[in-house]
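Shared between the two complexes below is chain A, which pairs with chain B and chain C, respectively.
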Partner chain A sequence: MSDNNLNEAQKRVGVYVCHCGGNISDVVDIKKIVDEISKYHSVVVARDYVFMCSSNGQSLIEDDIKNMGINRIVVAACMPSLHELTFRNAIQRAGLNPYLYEHINIREQVSWVHKDNPQGATSKAILLIKAGVEKVLMQDPLNAIRVNAEHRVLIIGGGISGMRAAVSSADNGIEVVIVEKEKKLGGKLNRDGYVYPSDEKAVDIVNKFSKKILSNPLIKVYTESEIINIGGYVGNFDIKIKKTDGDIDNIKAGSIIVATGFDHYMPYDGEYGYKKSDYVLRLKEFIELLSKSDGLEFVFKGKKINSIGFIHCVGSRQNEGIDAPQADGKVNEYCSRVCCTSGIYTMNKLKEKFPDVNVYDVYADIRTYGMESESLYEIASKHDVIFFRRPLDERPQITFEGDKIKITTTDILSFNERLEMEVDMLVLLTGMKPSEIDDISGYLKLSKSTNRFLQEVHPKLRPVEMNINGVFAAGTSLSPMDITESLQSAQTAAMKSAILLSNPDIPLDPFVAVVDEERCTGCGRCVEECLYSGAVTITEKTIDGNIKKVAYVNPAMCKGCGACVAVCSERAIDLNGSRLSQFEAMIDAIVKE
Partner chain B sequence: MQQNNKSKILIIATNHSSYPGANAVGQAHISYPSNTYIIRVPDPVMFPEDFYINSFKKGISGIIIMSSGSDCPYEGAYKRLSKRIENVYIKMKELNISTERLRLTTICTVCREAFIKEISDMERIVSK
Partner chain C sequence: MKEINIDVAVIGSGIAGLEASLDVADAGYKVALIEKSPSIGGRMISLSKVFPTLDCASCITTPKMAAVSHHPFINMMTYTEVREIKKNDDGFDLYAIKKPRYINEGECISCKKCEEVCPVYIEDDFEHELSPKKAISIPFTNAVPQLPVLDMNKCIRCGACARICPKDCIDYLQKAEEIHIKAHSVIISTGYDITPMNAKKEYNAISIPNVISPLQMERLLAPHGPYGKVIRPSDGKIPESIAYVQCAGSRDKSIGVPYCSRVCCMYAIKQAMLLSGSLPLADITIYYMDIRAFGKGYEEFYSEARAMGINFVKAKVARITADEKGSPVLRIEHQEEASKPKEIKHDLVVLSQGMIPAVRDFLGLDLEINEYGFVSSRDKTLNPSQTNIDGVFVCGVARGPKDIPDTIADAGSAAVSAVNYIKSIKGKSL
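This part shows the complex of A and B:
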């Protein structure tokens, strides 16, 4: 029997409640939920499982559809953007229309925000699930709309991540457009110095990728250009690019990879003596200085440098009340992850070049993670770099005495002794901060983490995927990471984009307006209200032998906003998947108890 | 945050903006009262004026419409929504329903503080 023809008694709902490890079940009483929901009308079965998204969890749903005739599904779990597709696929595998399903978020919107009130959280979860049952009971089976996809990926940013993503995408036969704001590709690798762990020159890496990109006919590069608007949707993004000459190019792309990188943290004037003395440098500045310095002695601005102090975590792992807040009023609580390794790698380079320079390293914690990077710390110890460990909530004090820089710090390694050391130069291991991409994230409505970097849907389950379908992120736009990790994430983003664009068309959710022609009077209010010219029109149709004026929705043009729904006094036009009556039924369930 | 256990606050959140914003609050593990019920919609512009009035009549104490504002992917929708809500306010006054109980606001995907403030403000209003 077609699902459209089922009467209320034939609708059999299965409800599946996820523990999410303990993320949900540590706060809400899952047993109580299942007991109560089992008794709710139309619910034939209610089950719980430790991870409903796992193969075993999905099998519970599939088996119930096949063996118990379940024909409506409610899953109460994490946020829908994470696993809505997972469960739709499971439902489809079992032979049921994948849209006969409602997802209730009891993790981000219940257990994680009501930890202090388990009873309230449980009651809320029960009501939300009941509301979900009411909604799914009124749900019709739907078929995805398939749209032609542009076989072109837009890559925003031409740094190491953007270049890697471009080469990988082109290797998969996908056309690529790179938009870079600077004069040439390479981003922050366009500098002097070497990079760990391969000991290659940074510019050599840039040149290697640039050659591949500029000689590949599938890749088009816009330099000194900026994106001034992005519209459209997965498969059909519309992008406006403003070029150096002021001209605007309009391009279309099926997917987008955001590889906008990071900004270096810039110490404020006076932070650890920065800008108070020419001999207080950021790591980036020191690397450039070191690469240009040769000879038997290390001399800078006429002064022989005999000793250098390095200070870790400048602009990273900050504490409220101790460190000055950033522009948004918050401190950078995150670890920038690469400064320790980069700093110690540079200390080793310094000692190889100028072995007589004394090096003092003041840190809170050291993270030279990775098999090869860990050895950098051992090498530094062999080079007689002297390490001092400060408490996390204390900052070294910097004062100037003559041409010397005095560092005063507590050293945990010598049982909290207060130590003073005089150096000729101070290097600040400044971290990363998110680059200013409010324009791009605004056009695409991208989510950001509390640390202001772009936020993946899930770092383990759906890495590099953004909250907007067809948009991926790579490299340090996501979080601080080193070049190796950036390359890996760029490769992942390119592969996911290639998989998306591997078919000639892409399935889109069929959530567009739909007309009940029997109810429709052809008054035309919906046409007046529609925000998209041509999406709704009035047409003549023969219904029951009579010619009648009715509204017609062009599903390819309708964006599914629902503006038409609000003005139809006959309730003849509605939104597939989000019918007005479904929301009314949800509210009825919420207020019932 | 003080919570009124009897009153129920309905939050209408948009797929594109405020629903992910509510998730961002969850991901940051920021607490708010549990008498808040979020429904996920394409855009609140779909609701007729009577939808709000009927929700109050059914027993909803406060409604926060968390729209996407000027960031709305449906160009022109916010303007229509604002006009609709103006009309709802007129009807609320006629029916002697405090207009404070309906709030039209904009919440973005990362507007955690604004999200919490809106709930806190509505909580105060429905607790009166």
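This part shows the complex of A and C:
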């Protein structure tokens, strides 16, 4: 494109202001913005629309590019991470370089935070847009960086999500490497007993997948193996795998699916009597015990079990000040989603085997969401499981009297009566917490949510994508899920990874550091500062016949963070798309008024 | 008959169908996205904001709609109804009818002049009958495509639209068009209806105007909704006290919906939060059985709602009547206090209706559905998207109630299943 050679007078800016329904226009005065911005230098047209991201809104921009010769675009709307790409695509469709565009956030940074001061908000929006105009005027056309991609996916974790993602990826024709730390595939499903919603033996599900995986020549499985490093970038990740025998395999992968799953919440000693008595069990322990118990009577360690209490929300839905904090000082505020249903499913299994055992269930809300689960709840009621509903901010008290366990709780269902019941056994419906994956998330620099599970880019727009390009997450590494939900999520991750690898080369944003080799002194401070090892290095180059040390940026590895720019005393390194001179022009525009 | 050859036919263009189509097309396969309504976007495009992030629904949906309409591999077929689906050795034959909009679609420039001059007002289904629209009109602001539809049953044939149209594209005699779509695979994403307002007779929802549906409340809360503010339908009064009746269409055998619809707790909480933003002085009460805030960030959202002062009352509403001013009166029994049944008056009541399948008859396709009409999975613990028929996949609420994040996660699952299925059959034929 010949755009590089345009003089100032030939640069024609179009500014597009979005109402975002009312998200923006309820606070800021859109008409005033448009009036004022249309008078600003170089601005040829300023328009507003109720939803600029809609088809109509995008057409406004495309038509102006085609009909009015607009060649610089400023969109003032929501945060760029939502729709920057939407507008870039529209601009490209109209035949303009998609990077001749600046996205100004007047929602999160203006209307949402200045609701109390509409006038001030409007002035701020105008200033930010003017700054955007200055920036886009100094913007050069850029081209996406293209990198070759390995047609191979690394799947970390061989539980149900990892196995599903592996089969879906291989069915798509992509080579798969699964790395599992345990001896065999299957993760948490390698246990005794049955699972909802299919009422199958847990291990039968593992076997269904194992057969498919082990017979598939595209899938390589590493068990009892550990990932000891991940380097590289999208399309070209370098992975070091330490095998059982201590040997290290190096593999390359184009994309990564993190399917590291969950750990069971482990009650601290004494939490609801855990470890204070052999008869206080976690649900997982109880399921295994039940599947081994047969006969007419339920006997455990020599004691006949006539009554069992179940406590919901152990390690989940915790409140600060009521529950003891976790290792990081925070409580687990989240709901673990599966414990109500798996608990009630297990109570039904118990009642089918030992109908005479009395079951008492202490809960806050019964969350048997979905079709099949609600019927399990009904069946439990028919089995005469007795439900006690505690207030949200109260916990049942557990005491031991002889060989009995006493549960004391307030019961809302009997009009807040204080109840005491004695049982022979207590089962804690413990929740989920994310697996310990600080190593993996460290190598890949993955974001975590406030609940410590992995943080997706956006729960609705990009629910399985991580903040690092080419890395996806599946199943309970993202949040608590049941088996079916994990399978869905794993297949969606496999789909996104397959789409990424469906082209031989992957386009990357060109917002990377560039070196002015004349100015560069080769001091290496940028290398010290760089967060992405290998993205910037010092090399020797022949410039005007002299050998000179200069910084070299690998555009595929550079994330465009700008740390190097900040430390360079020579102003020899700069960022494509966000040059220092552009920031200076923006600041000038803001302080001028 | 027009014939179209594609890889995957996606039936239903709500958020599930949009997502599945984009995934399949991005993977390099050709899609026909078939939608019976005049615009794609389904239910989600009519919502206000969505939990738990409170993004505006349009901000999420409109770009996806635009992406679908621009995608070179997606044939967007709106206002088109599938009449018959046949499985054959090669895949599937879908016979569809493209209904007449009574305009020349190729010529229309979406200028809306026809809409402006039309003298006939009809009920606006997009606004759930809260406001009128013209007999010829573009379905809603963000509709894709931006083409008006003439309601021939209401049209008085005055000819005003035909006279004003600058492109002369009104065609009163337009006929439905038959289309034959040949596909290798089918994705069912037909979504949901909500349980009928009159499902529970005790709630008298049809005869009390100030008892409304949650979808109507979504429109009242939407910034570009029918009135631009929350007022109650009977007299335009700004409500000072608003109540939500939970499980008004779910977990209730008496209306044939014993299952939990999974979304009602959260949408009620979300609407309550939005209401306390737009009506800071209003009292908002949610009458519930269990609060099911089970998704990522939902429990935190529920805590936030309690902190904002929204009243959560554990009680099943037995009956709704109206006082002389039309205000609904709820008869409830508190479960947290030892008391007799009480009657409590509110200005406006929202029935938290549940989800039922929008489509139960798959037109010649021998698709297995469960007793409630949702499409069954062949093996839930192997591939939930796979139906009993090879090559037919299902996603979103067509398979069972789901919220938006779960639906989006489900769409990719159906998409990869369809893509891999096509790869497998093409591999065999080589």
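Brief remarks follow.
Please note the rule applied: the second predicted complex is superposed on the first by the 427 of 593 C-alpha atoms of A that agree within 3 Å, B and C clash if a C-alpha of one lies under 4 Å from a C-alpha of the other, contacts with A are read in each partner's own complex, and residues count from 1 in each chain.
The criterion applied here is as follows: contacts are C-beta pairs under 8 Å (C-beta built on N, C-alpha and C of every residue); 3 or more make two chains touch, one makes a residue touch a chain.
Predicted model, so just to flag it, every value in this text is computed and none were measured.
Within the superposed three-chain model, A:Phe415 lies in touch with chain C and out of touch with chain B [touch as defined at top]. Look at A:Asn216: by the touch rule set out above, it reaches neither chain B nor chain C. After overlaying the two complexes on the shared chain, residue contacts for A:Ala566 are found with chain B alone; chain C is out of touch.
In the superposed pair of complexes, A:Lys445 makes contact with chain B only, with no contact to chain C.
Legend: residue contacts after superposition of the two complexes on their common chain; A:Ser489 is shown touching chain C, with no touch to chain B. Once the two structures are overlaid, the count of chain A residues touched is higher for C than for its counterpart among chain B and chain C.
Of the two partner chains placed around the shared chain by superposition, chain C is the only one that A:Tyr334 touches, whereas chain B remains out of contact. By the touch criterion defined above, A:Ala498 lies against chain C but remains apart from chain B after alignment on the C-alpha atoms of chain A.
449-450 are the residues of chain A that lie in the contact sets of both chain B and chain C, per the superposition on chain A.
Residue ranges on chain C touching chain A, taken from their complex, read 23, 26-28, 50, 52-53, 55-56, 58-60, 62-63, 65-67, 69-70, 110, 141-142, 144-146, 222-224, 251, 258-260, 262, 290-300, 303, 314, 335-338, 370, 372, 374, 377, 379-385, 400-401, 404-406, 408-413, 415-417, 419-420, 423-424.
Put simply, chain B touches chain A in their complex at residues 3, 5, 8, 10, 16-17, 20, 22-43, 45-49, 51, 54-55, 58-60, 68, 71, 73-77, 80, 84, 109-110, 112. Contacts from chain A toward chain B in the complex involve residues 79-81, 105, 107-110, 112-117, 120-121, 123-124, 127-128, 131, 442, 445-450, 455, 467, 511, 529, 531, 559-563, 565-567, 575, 578, 580, 583-584, 586-588, 590-591.
Those residues of chain A whose C-beta lies close enough to touch chain C in the complex are 20-23, 25-26, 50-51, 53-58, 78, 82-83, 86, 89-90, 93, 164, 168, 171-173, 195, 197-198, 200, 205, 208-209, 317, 333-335, 337, 365-371, 373-375, 378, 389, 412-413, 415-416, 449-451, 453, 459-461, 463-464, 478-479, 483-485, 487-496, 498-499, 502.
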